[in-house]
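By letter and in written order, the chains are A, B, C and D; residue numbering begins at 1 in each of them.
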Amino acid sequence: MSEKKEEPFTINWLTDLPYRYALGPVASKFFRVLKESGKLLAIKCRKCGKVLFPPRSVCADCLVEMTVDDMVELSGEGSLDGFTVVNYPFVDPNTGETRPFPYGYGAIKLKGTDTWMLHFVDETDPGKIKPGMLVKAVIKPKNERKGTLEDIPYFRAVEKK
Amino acid sequence: MSEDKYFHGRIRVPYRHVAGAYAGRFIQEIGNNKRIMGVKCSRCGKVYVPPRMVCFACFEKMKEWVEVGKQGTVKGFTVVNYSTPVMPLKPPFAYGIIELDGSNTGFVHIIKEGDPKKLKVGMRVEAVFKSNPEGNILDIEYFKPV
Amino acid sequence: MVKQKVAIVATGQTKHRSRRRDVNISEMIYEAVKMALDEAQLTPKDIDAVVIGNMDHFEGINFSEMWTGIESAPGYLKPVVKVATGGTTGTSLAAYGYYAVASGMYDKVLVVGWEKINEGGATTGIVTAFDARWERPALAGALGPLALMASMYMWEFGVTPEQAAKVTVKNRRNAANNPFAHLQQPNMTVEEVMNSPVISWPLRLHDCCPQSEGACAIVYAGEGVARKISDNLAWVKGVDTGHYYTYGGDDVMHKYPAAKIASTRLYKKVGIRNPLKDLDVAEVYEPSSWAELMWTEALGFCEYGQGGKLLDEGVTEMGGELPVNPSGGVIATNPIGATALIRVAEAAIQVRGLGGKRQVPDVELALAHGFGGSVWADLMILGKEP
Amino acid sequence: MDKEVAIVGVAQTKYEEEKADLPYSELVFEVVKKLHDELGITKDDVGSIITSSNDFNDGRTIASMAIQDALGAVGKSESRVSGDGAFAYVYGVMRILEGTYDTVMVVSHCKCSESNIYLVNNSIFEPYYQRWLGLDQVSSAGLMANMYSHKYGITQEQAAKVAVKNRKNALNNPYAHLQKAVTVDEVLNSKMMAYPLKELDLPPLSDGAVAMLLTNKEKAKKYTDTPVWFKGHGNCTDAYYLGHRNMTDLIGLELAAREAYKMAGIKNPMKEIDVAEIYEAFTYHELMNYEALGLCKKGEGGKLIDSGQTEMNGTLPVNPSGGVLSSNPSMANGLVRVAEIALQLMGKAEKRQVKDAKIGLATGMNGICSQGNCVIILEA
C-alpha cells in the first residue's frame, strides 16, 4: 500500500493530567537546601559508602534505607563523561508545547559521587568539548529559585577546547 | 497541608487518533448528513452502533453498513451529580445506554435530563444533532426524551 | 496442570510504516493477529489466553488491553493480560506468554505487541518514562541518552562514527529483504549516513531508528498441541531478564551491565559456552547504530570495545559467523511496543526457516533481545530442537 | 491443583488517604523491607520479582522503573503486569510452576493521592466513541448499579448494607483506610454521585502497597509452618464498550469463577469456601459478585446480604478486611485481596480472623466495571 498524502480523519484529544509527585524527605531536603542556599546535596549509603545522585532513600545494592542525615554536600563541579546536542523537536509532556532546541545534554559525574547526573550543558558545539572536562553547576539567583531542578538551569563547560 | 512535599507535574500531550474507515465514516455521517450508521456482522447478524471493524463475538470483519434510527430505547441510565474537567455538560445530567431502532447493541451517550425520576428504563429518546459539527462523537449533542 | 515445553507455532506482523492513515489502533493490530492465527490455522476459539501490550502514554489510552484485547484479538470471554515494560515490552510479553504455557496454565497463548506511535509521539512518550522530579526536565526521549552512551563509548574505546554507520548500512540493506520492514534501503552507504543531519551528536539521522506504527503477534503452544498445529516449530530454550537501577545514570550505561548479567546467566542455562559460535543468528534491539556495537559486546559476541572490529570483519553480516538483525533490526523498524516482540518473531522465523530472502542457512539456535527501561535487557533463546 | 505454589509471607502498608512523605519507591521499600524482615531473608533469597502498577495512576510510563531499586531488582529478572495486582500474583505462580525460580516476590502499589482519578479513568475509554462523553469509573458504576437493580429489584437499602458490613469489618483491620462504621441511613443520605450511587456506595481513594513471597513446595517449609497454597484460578474478560456489556450480570466474573472452581475441585462454593475477599468497586457490585461467584442464584444478591450469611459470623464471610469500600489503593486491590486471604488461611488475621478457614477465594479486576476478572482459590 502506498502512503496517501492527504491527512486522514482524526479524533484529537488533549490529555492533560495533573500529578503531584511526592518528593519524600530526602528530595525535599535537596530542593529546600537548593532553594535556600544554592547548594547541591547527594546521599551516602551508610553500608557500602557509595555516594548517589540524585539523592534517594534506598541504596539499591544494599537495600538499606538512607535518611536526610546521610546527605553530603557537593561542590557543584563535575566531569563531563558523556555529551550530546539535542537537535530535534518534540512535544514536551511537561508543558504540551515543543521544547526549545538545540541544547547541550551531558552525563556528568559530580565530584564526590559514584553516579552520573544527566542534565543540560551550555554548549552546542561538540567540537569544543573534551571528554571528561570540568563542568560546573550554574544556580539561579536566590530570588528566582523555586526549589525545583530548574534552579540548576545548566552546567557550564569550563575547560573548553 | 502537605503541598510542599510534592513536585507538581503534568502529562500534557495532544493526541491525534486516526479514526479509520469505521469510526471515521460514523462520525462524519453524523456531522455531515445527520445520519446514524451501523455495521452488520454477516455471521451473527448483529448490527453494531457505533460501528467497528470486527465483531468481537465472532471475530469477523464486518462490511455491511446500515442506517439506523435516530430514536431508540433506553436500556439503562445514571444521573451524575459531580463534575470533572472532561464532562461535556454541567451536572446534573444523565448518561444512557440506548438501543437505537434497527441496531442490536447499546449506544452509550448523554441524555439531557438531570432528574432521575424523569428517566426510566424502556423510555424512548431521540438524538439531537449539533448545529456546527466538530468532528467527534458529540456531534450528536445529546439525546432527549421523546 | 503439567509443566511443559513451549514452541512458537506462528507469527504475524503488519507492514510497518511511519503513519498508518488508513486504520485506527484496533484495526491495525487485527492485521497482525489475523495473520498469526491464519498461519497456525487456529480459530479465535482455539486461543486460551491473550497477552497484549504497548505503552499507555504513547497513545494516551489507559488499560488499552481491555479494548485491544477484545476488539483486535480474540480475548472476549478469555484471559487478557497486559505487560508493559518500555522498550522491552515485546520481549516481556513474550516471556509472559512463555511462562503461561510452560507452567501448564494454558496450552495456546496469543501474544501481541503494538504501537501507533505517531498518534502521540515517541519522544514525548519516552520522556514520561523518567522521573518527573529529576530526569524529565532535560531528558529528550531515547535519543538523547542513546547519544550520551555513544559518546561515552566512543571516548572510552575509540570506536568511530564510520563503524557505527556500517551498522545502518548493514541493517537497512537487510531490511530490504524483509517485506514487513519500515525503512528498506538496500543502497544506503556509509557516506550517506555520515552526511545525514546530526540529530543528537554523535547520532546522525541514519544512525537513529525510525518511529514506526505496527503490530506483531506470535502464537505459543505447549508441546502436546504444538506438533498438531505445525511440524515446523521454534522451541523456547530459555528466557531471562536483567533489570537495573532506577536511575539510568547510576552505572556505566554503554557497558550495558544488565545485558551482561542476564546473557551470562541464560547462556549457562541453555548450555551455550561461546555465543558467537553456538548461536546461529541474533535479533537485537538496536535503537541506534551505535547501540548494536555496544550490545554485541554486552551480549558476549566479543570483548568490550571490540564491537566495531566485529562488524568490520563482517562477522555480523548476512553470511558472517553470527548474522545480527537479518530483519533489518530496529534501525529499520521501530513500533515500540511491538519492537522487541518482532525480535522474537524474527528469531522464530529464522529457526523455522521461513525467512525467505532474509533467511540465514541452517539456524539451530537464535537469540532475541529486547532493550528498554533504565538500560534493561530481556532475552529469549529459540531452538530447532525442544 | 496440587499443593505446588505457596504464599509463605505477606506484608502490607497501612492504607491511607495521603502518604505525602512516601514516593512510590519508598512506599514499595516499606513493604519489601517488612517482608524481608518477617521472613528473615535478603534480596539475594529472591529469585524473581513480579510487580503490578498502572502508568496513568503513577503518572509515569513504565511505572515499575521507579521501584527497581526499592525491590532489590538490580540484576534480577523482574517483570510487571500492567493493571491489578491479582494478575501479578498469577504471573508469580506461573513463574514458580515453570521451575526456574523457587522464590518469586510479588509486589503491587498505588497512590491515588498523586493523580486525578477521574481523569485517569476517563482515559480508559477509547477516544472515538466514549472518552469525549466524559465517562469515568463512577458514572459507569452508576449505569451498572441502575441496570442491575432495575432488572432484579435490588433496593438501595440492600446495597447500603454492603457498605455497613464492610465498614464494620474494617474496624478489625489495622491496615484499613476508613475505620469508622456507617449505618444504612448514613449511606442512603450521603451525597448523590451517580444515581443510584451515593458517596458511601463508593470506595475511598487510598495510598498503599502490598508484597508477598511465593515459593515452590520444597522451599515453603523453610519459611513457614503455615503455607497458603494456590489451588485454582480463572481469568475472563468481558466486552469493552459499555453498550456491548451485559451490565446486569457479571458474565466475565462468572466464567472466571467457573474455571477457578473447576481447577480447585469446588462444586458448592457457598459450602466449600470458608472466606472470600472480593474486589467490590461499589456496593451493588458486591451483590453482583455474589451472584457471579455462585454464592447465590441470579438476582438474589440482595437476599444474600439480607440473610447475613456474608457477615463475619455468617456461613461465608465476605471481605473481613473491610474490602475495597474501606481501602482502595486501586491497582493493588487484587493483591490485597490475595494477601488478606493468605493471612486468613495462615490464621494470622487477628481480630478479623474467620475461624478454621481452610479454603479462601480472592478476586481481582481490570478496567471498568469488572471487565477483566481474576478469581483465585487458595488453600491452607
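Just a few scattered comments:
Here is the rule we go by: a contact is a pair of C-beta atoms (placed from the backbone, for glycine too) under 8 Å apart; a residue touches a chain by one contact, two chains touch by 3 or more.
Predicted, not measured: the structure shown is a model, and the values here were computed from it.
Compared with subunit A, the chain whose C-alpha mean position is the greatest distance off is B.
Contact tally for B-D versus B-C: the pair with more C-beta pairs in contact is B-D. Taking each chain's centre as the mean of its C-alpha atoms, subunit B lies 30 Å from subunit D. Averaging Cα coordinates per chain places subunit A and subunit D 38 Å apart. Mean C-alpha positions place subunit A and subunit C at a centre distance of 29 Å. Among the residues of subunit A, those touching two or more other chains are numbered 8, 11, 13, 15-24, 27, 56, 60, 91, 93-94, 148. For subunit B, the set of residues touching two or more other chains reads 5-7, 9, 11, 13, 15-19, 23, 27, 52, 56, 85, 136. Within subunit C, residues 19, 21-22, 24-26, 57, 60, 70-71, 76, 121, 124-125, 128, 131-133, 136, 245-246 each touch two or more of the remaining chains. Taken together, the touching pairs cover every possible pairing of the chains.
Within the complex formed with subunit C, the subunit D residues making contact are 1, 25, 54-56, 59-62, 64-70, 73-83, 87, 90-91, 93-100, 120-121, 123-124, 126-128, 233, 235-240, 251-252, 255, 263, 366-368, 371-372.
Taken together, the subunit C residues at the contact with subunit D in this complex read 1, 3, 24-26, 49, 53, 55-58, 60-63, 65-67, 69-71, 75-86, 92, 95-96, 98-100, 102-105, 125-126, 128-132, 240-246, 257-258, 261-262, 269, 372-374. Residues 7, 9, 11, 13, 15-23, 52-54, 56-57, 59, 61 of subunit B are the ones that touch subunit C when the two sit in their complex. Of all residues in subunit D, those touching subunit B in their complex are 18, 20-21, 59, 114, 116, 118-119, 122, 127-136, 138-139, 142-147, 150, 191-197, 239-245, 247. Residue ranges of subunit C in contact with subunit B, taken from their complex: 19-27, 30, 44, 57, 59-60, 70-72, 74, 76, 116, 118-121, 124-125, 128, 132-133, 136.
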